[in-house]
Amino acid sequence: MQEIMNRMKARAIALLADGTVSRVMGWEKGEGEYDWSPALFENAEEMEAFVYGDYAGANLSKYCLKLGKLEGKTLVILKPCDTLSFKQLIHEHRLEREKFYIIGAGCTGMKDEKGALLKCNACKSKEFAIYDEIIDSEESRKPTGVMDRMAGVADLEQMTAQERYDFWQGELSRCIRCNACRNVCPACTCIKCVFDNPASGVQSKAPVTSFEENMFHIIRAYHVAGRCTDCGECSRVCPQNIPLHLLNRKLIKDMNELYGEYQAGEGDEERTPLTSYTKEDAEPGIVHERGRA
Amino acid sequence: MENSVKFLTETVLRISGVDPRKCMKCGKCSGTCPNYDAMEYHPHQFVSMVEKGQIEKLMNSDSIYLCLGCMACVERCPRNVAPGKLVGAVAQLKLRQQDMNRKGGNDVAAFADEIVPQQLLMAAMRKYRK
Amino acid sequence: MSVNNPNWKPKIVAFCCNWCSYAGADLAGSGRMNYPADVKIIRVPCSCRVNPLFILRAFERGADGVIICGCHPGDCHYTSGNYYARRRLTMLFSLLDYLGIERDRTRVEWVSAAEGAKFAKTMNEFVETIYSLGENRKLSDIRCKKS
Amino acid sequence: MIYSYYPGCTLKDRAKQMDIYARKCADVLGIALKELPEWQCCGAVYPAASDEIAPRLSAVRALMNTEEGKLVTMCSACHHVLKRTNFDWNRDENFRQKANNYMKPETPYDGSVEVIHFLELLRDEIGFDALKEKVVNPLTGRKIGAFYGCLLLRPGKVLAFDDPENPSIIEDFIRALGAEPVRYPYRNECCGAYVALENKACAEMQVERALNSAVAAGCEELITACPLCMYNLVENATAHKLPVSYFTELLAEALGVKEG
Amino acid sequence: MQKIGVFVCWCGSNIAGTVDVEAVAEAMKTVPGVVFSTHYQYMCSAAGQKLIADAIHEHHLDGIVVASCSPRMHENTFRKTAEAAGLNPYMVEIANIREQCSWIHKDKEEGTAKAIVLAKAAVAKLLHNKPLTAGTSAVTKRCLVIGGGIAGIQTALDVADAGYEVDIVEQRPTIGGRMAQLDKTFPTLDCSACILTPKMVEAAQNEKINIISYAKVEKVDGFVGNFRATIRKKARCVDETKCTGCSLYMNKCPSKKGKDEFNMEMNNRPAIYIPFAQAIPNVAVIDPEQCVKLKTGKCGLCQKVCTAGAIDYTQQDELMEREYGAIVVATGFKPIDPSPLNEYGYAENADVITSLELERLMNAAGPTKGTLLRPSDLKHPHEIVFIQCVGSRCDENTKRGKPYCSKICCMYTAKHAMLIRDKYPDTKVHVFYIDVRTPGKNFDEFYRRAVEQYGVDYIKGMVGKVAREGDKLMVRGSDLISNQQVEIAADLVVLATAIEPDPSARSIGTMLTASMDTNDFFTEAHAKLRPVESPTAGIFLSGVAQGPKDVPETVAQASAAAAKVIGLLAKDHLVTNPCVAGSDELLCNGCSQCEKVCPYGAITYVDKEVRGPGVREVRRVAQVNPAVCQGCGACTVTCPSGAMDLKGFTNQQIMAEVDAICL
């Protein structure tokens, strides 16, 4: 990984120098050993602080929303799974391809202080959905993280309704509505969230009752359904360690089972499972029947 | 066993699962019944008489033993009434009355010979006694 | 459970599309086909107008069941609205079920303008289901419950 | 292919031939008919009253003891009773509950068995085209009428055996054996066997109607899947008479395994 | 604070019977925003409307709730009332306390409580209403009639008579439909062709009418006043402009195996044919399934004999796009196939026929040239049995036919029986019937004549079995009056088969988004009061497409549909529905999800400078074309930010209703 980082750094400095890009979006070390944060670099000197490696877990796609509005091109480093988020934002016309120079970064699985990241345990792909050039190594092309992505969902599905209810109440009731999940999510990109908009009728800033965090998380999962690439950032950043990704993965699992395999950000089709249909789709009653079998 | 009109009617309706009010009185059941001429009351009459509560008349008629159980009337009824099931239910109700077996076990056994198939004897046991 | 409160009457919200199901409900009415007064209908232009927010809001405010009725698939007045609704509601219901909410509190039924009897039958069945489930406690906002 | 097999009482006695030929043919066709252990009489008639539980218990037991997923029957009456029992088991909660109370089984029957008649097996699992290829002794030139009777076909929705008004399975079977099927109007009417013991005249009338119809249409022989029809069509024939045989006998003849 | 008035209608005893209207009006007075509340016997009456108008003036109301019947009945009435009183018509909400309350509840306390909740919900919604202004759209002054039977022809003639252009699209090679196949018509016994063909000719000669035969409508989009249809005109391999209808080719064509559809396939026809002598257009058509030239490339005999040079084997299907202001559905019917009801033996016996087949057998242009001969041996039948209600009036669970009465069978069977007895007095005629239904002018008299004057034997009961025995058909049925089972040795059995909508109806209904019932008959906008309109604006219904009817009823309905079409086409502009979607530019993310689900393509995206508090930048935002948007709301739910909303059914309005119902 060190070697990849060095190549990346050299390449970024060169691109800055020849004027191809005006800035570089990457990572720098924070206070702690594992605490690497997204950072913006505008020249070769600043690039000294640039790092890439095992702790560059953060998905930089969402930062591109603001960067895309600046003059000139931005170089952005995207790991394979990050490219899905980026491409999805292109599908949604939130990013302009020409405003970015994308270096696809080889990845051998990311970590934090607790070990491998959740998303890396069940790595979706080593393919880059979008890039200008790739800097990787033989090592990084090997598959990593072969855990079943849907195992956690399947476990919950096996429980009784009451068990599931108790599980989720236990988790969601710990929500402090810090909005970290929303802020980091590359699919949660509304200029103004319905929950912040007094005119929406569902505005809520902090949870007053047990219901509101339910509402917030159900609607958040629902609003990103079909657009969520399963990047796992929501769970990664949650200070309360709520497994929010289990909500998104449930919807992904259902959509895959009912409407055919689909990965947000992959391919060129802009329609998501929820903005398309077939005449033979299952009836909503399938939810009821499936549970009874 | 109670024998009020209400009890008998309700029992027949319940155990047969037939709703005689669905009948539009077209007579197709009787038009298709292969044993019509032998019967005192015909399939369509079973439907209207059960609806009117005249169960005892039906119970006391040999017609309940003359139904071939062939289900032609059930199959062909355009209203899904199933008159044949009513005949069967009335017959069953009769057998459930005290001392109302059509034949005793020995009587049925007496039919046995070299050729009569076992299942016919078994069927007779079921149809004639309880 | 309803045993706690013998006087409990469920609150049931029925979203009906203007073209088929609302007309079907009218037909049930002119045919004097009874169904419990617990059902209150909200008219929407199409089943695809039903936002999951409305459904959650209803539960939050104390509804015990929410049913969405629209034109039969293929018969949508707007051609495709109910097809989208079908996917959206399937996903929402599945998610609610996943969160442990009684799945029978939600239902989708396609009722045409000519199906007054089906409308009444559906509502009777749904109300019966809700009675058997009892009060909705899992999703409601306690502030909204009248004691 | 292995199938559970329910022969029924009559096939062990008065209708032995039907069973013997069926087994011989099954061997030729590569089907293993695995006789259910300790089966009891199916009950012979399906009760008309929905609250009659006991007469259906032996049928439930047969279904419960079926290990192969599909239970093959040969006799029309057994087929009728088992299929209807199975149908009601899956729809009538009351029946299920009471029957379980009576029998107290370790694991209650889950309703998953499919009851099929041997003819359905030939049509749906083997296929009449494949059957045709196995025929070594085609019955060319024989004009054979199918006597369906009532128990095989009705009630159509429950038995789902063939179109109850316009069945074709036995005709297709006859054709596959190389003979000429003759259709006649009374092939799906009742032979009247159930009243034969008490009321011979009635039975004779039904038989005469059927045979008259068959002869008029040009049938030279009849086949049946029902021991009751067999008995009645032979014993209570009056003005018209026709040779009657079980469909399995015909099959054995065509497959060349009738003798020996 | 808004000032809202509530008006509770008694609807005579319809509402007041199970809802305490006074209590409802009283309860509404305490609802925030309500400044006036009253009740009245008939709000829709002139006096009731005046009461509303007066209250609007007196209390300076800026919104009203009428608690009354379904908005589908009187919403427009009260909107007009409000408008006349100076209020925006969209500041009116209806609480449906009749169809959805008083009529379905028996307990007055319960009904009253529910009515109050419904009225409160309406007030809650109204508090969020905004005045809306309807736009206008132009009307294309042309009408499309789908189906060229008597229904379609009559509608077309009447619309054309008012000066508007009409296209008739007919799937068969000729117009005329089922009526052209009938021999005589009840109860006058007019010759069907004699009264129909003049109308066909009139349609052909009318300058305003364009007959597009051998064609089908493939696609329709647009909306009332502005439909656009794609029509596929099938290749008939004969140039319509050149063909003289001479029929010289008939004997030359080597293919003789085509089934003559006009004669119910009872005889064969050549591959090139004209369906019948009076066909319009009187132009031949080549059946591609039968034509030797088209199948093998060798033949071309018809081309050689055609002096007009009309034959063109290379002709291709032609697609036409046309614009219309109104569309009339006149797709008609077909008799059901009685084969599944094989106790009647239709599938096996040539001499068991349907009534429509009998029409052809009795018609001079039919397969037997009008002599009644039975199909099997062409002998004259001496004993005929008619069976009524074949496949009609069946319980839906039996799968033995249709649940409805086909309406015309009693009368045409009486007609058949009478005509046969009249022409062949030596023939015995029996009719098995369940009921004889004759509610029409001179209908019962007609039926009685069949019995009393012509001695037709009517047997009350149904047939259980038809079995061939020798050259007779043994018909066994019950005679319920004499309580006997009867058996009749018949020579011919005629089944009065149920009728069902033409198989093309379902796809046309889907194409037009016109609602249909479970039997595939088109649903009318109101069963009593708007019987010739579909609930979908601009779609009108003519003939059996809407439900079984006889010729005079069909003609009457066809003219009624024409009157509605004329009323529409006479307008230069239509007022459009102002309840359309609209996007809040400040909230729009420009994500394009809404565009994907819009069935009308009404949403486009523009780069636009957006200004708001603290915002001034160019963004990609959604824009809705209000003339194209039909107001379904699919976009509103797809929009995660809530930028897209639907006027008249806004998020706030619906949530206010939810709150009012649940609290």
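Order of writing sets the chain letters: A, B, C, D and E. Residues in each chain are counted from 1.
In this text, a residue touches a chain if its C-beta (ideal position, glycine included) is under 8 Å from a C-beta of that chain, and two chains touch if they have at least 3 such contacts.
In this text the structure is predicted, and so the values were computed from the model without any measurement.
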| item | value |
| --- | --- |
| Required minimum of steps from subunit A to subunit D, each step between chains that touch | 2 |
| Most widely separated chain from subunit E, with each centre as the mean of CA atoms | A |
| Longest centre-to-centre distance from subunit D, chain (CA-based) | A |
| Between subunit B and subunit D, centroid-to-centroid distance (C-alpha), Å | 24 |
| Distance between the centres, which are taken as Cα means, of subunit E and subunit C, whole angstrom | 30 |
| Chain centre separation (subunit D, subunit E; CA means) in Å | 48 |
| CA centroid of subunit B to CA centroid of subunit C, Å | 45 |
| Residue list for subunit B, restricted to those that touch at least two other chains | 72, 76 |
| Residues within subunit E bordering two or more other chains | 343, 465, 597, 638, 651, 655 |
| Junction residues of subunit D - those touching two or more other chains | 165, 189 |
| Full enumeration of touching chain pairs | A-C, A-E, B-D, B-E, C-E, D-E |
| Sites on subunit A touched by subunit C in the complex | 156-157, 161-169, 194, 200-202, 208-212, 214-215, 218-219, 221-222, 225, 247, 250-251, 254-255, 258-259, 273-275, 277-279, 281-288, 291 |
| Residues of subunit C defined as touching subunit E within the complex | 11, 13, 19-20, 22-23, 25-26, 28-30, 32-35, 37, 40-46, 48-54, 57-58, 61-63, 71, 74-81, 84, 88, 112-115, 120, 144, 146 |
| Subunit B contact footprint on subunit E (complex, rising order) | 343, 389, 393-395, 397-398, 400-401, 432, 434, 460-465, 476-480, 483, 485 |
| In the complex with subunit B, residue positions of subunit D that touch it | 8-10, 13-15, 41, 43-45, 47-52, 55, 75, 77, 149-150, 153-156, 164-165, 189-190, 192-199, 202, 206, 209, 227-228, 230-231, 235 |
| Footprint of subunit A on subunit E - complex, ascending | 586-593, 596-597, 605, 617, 620, 638, 640-642, 651-652, 655-656 |
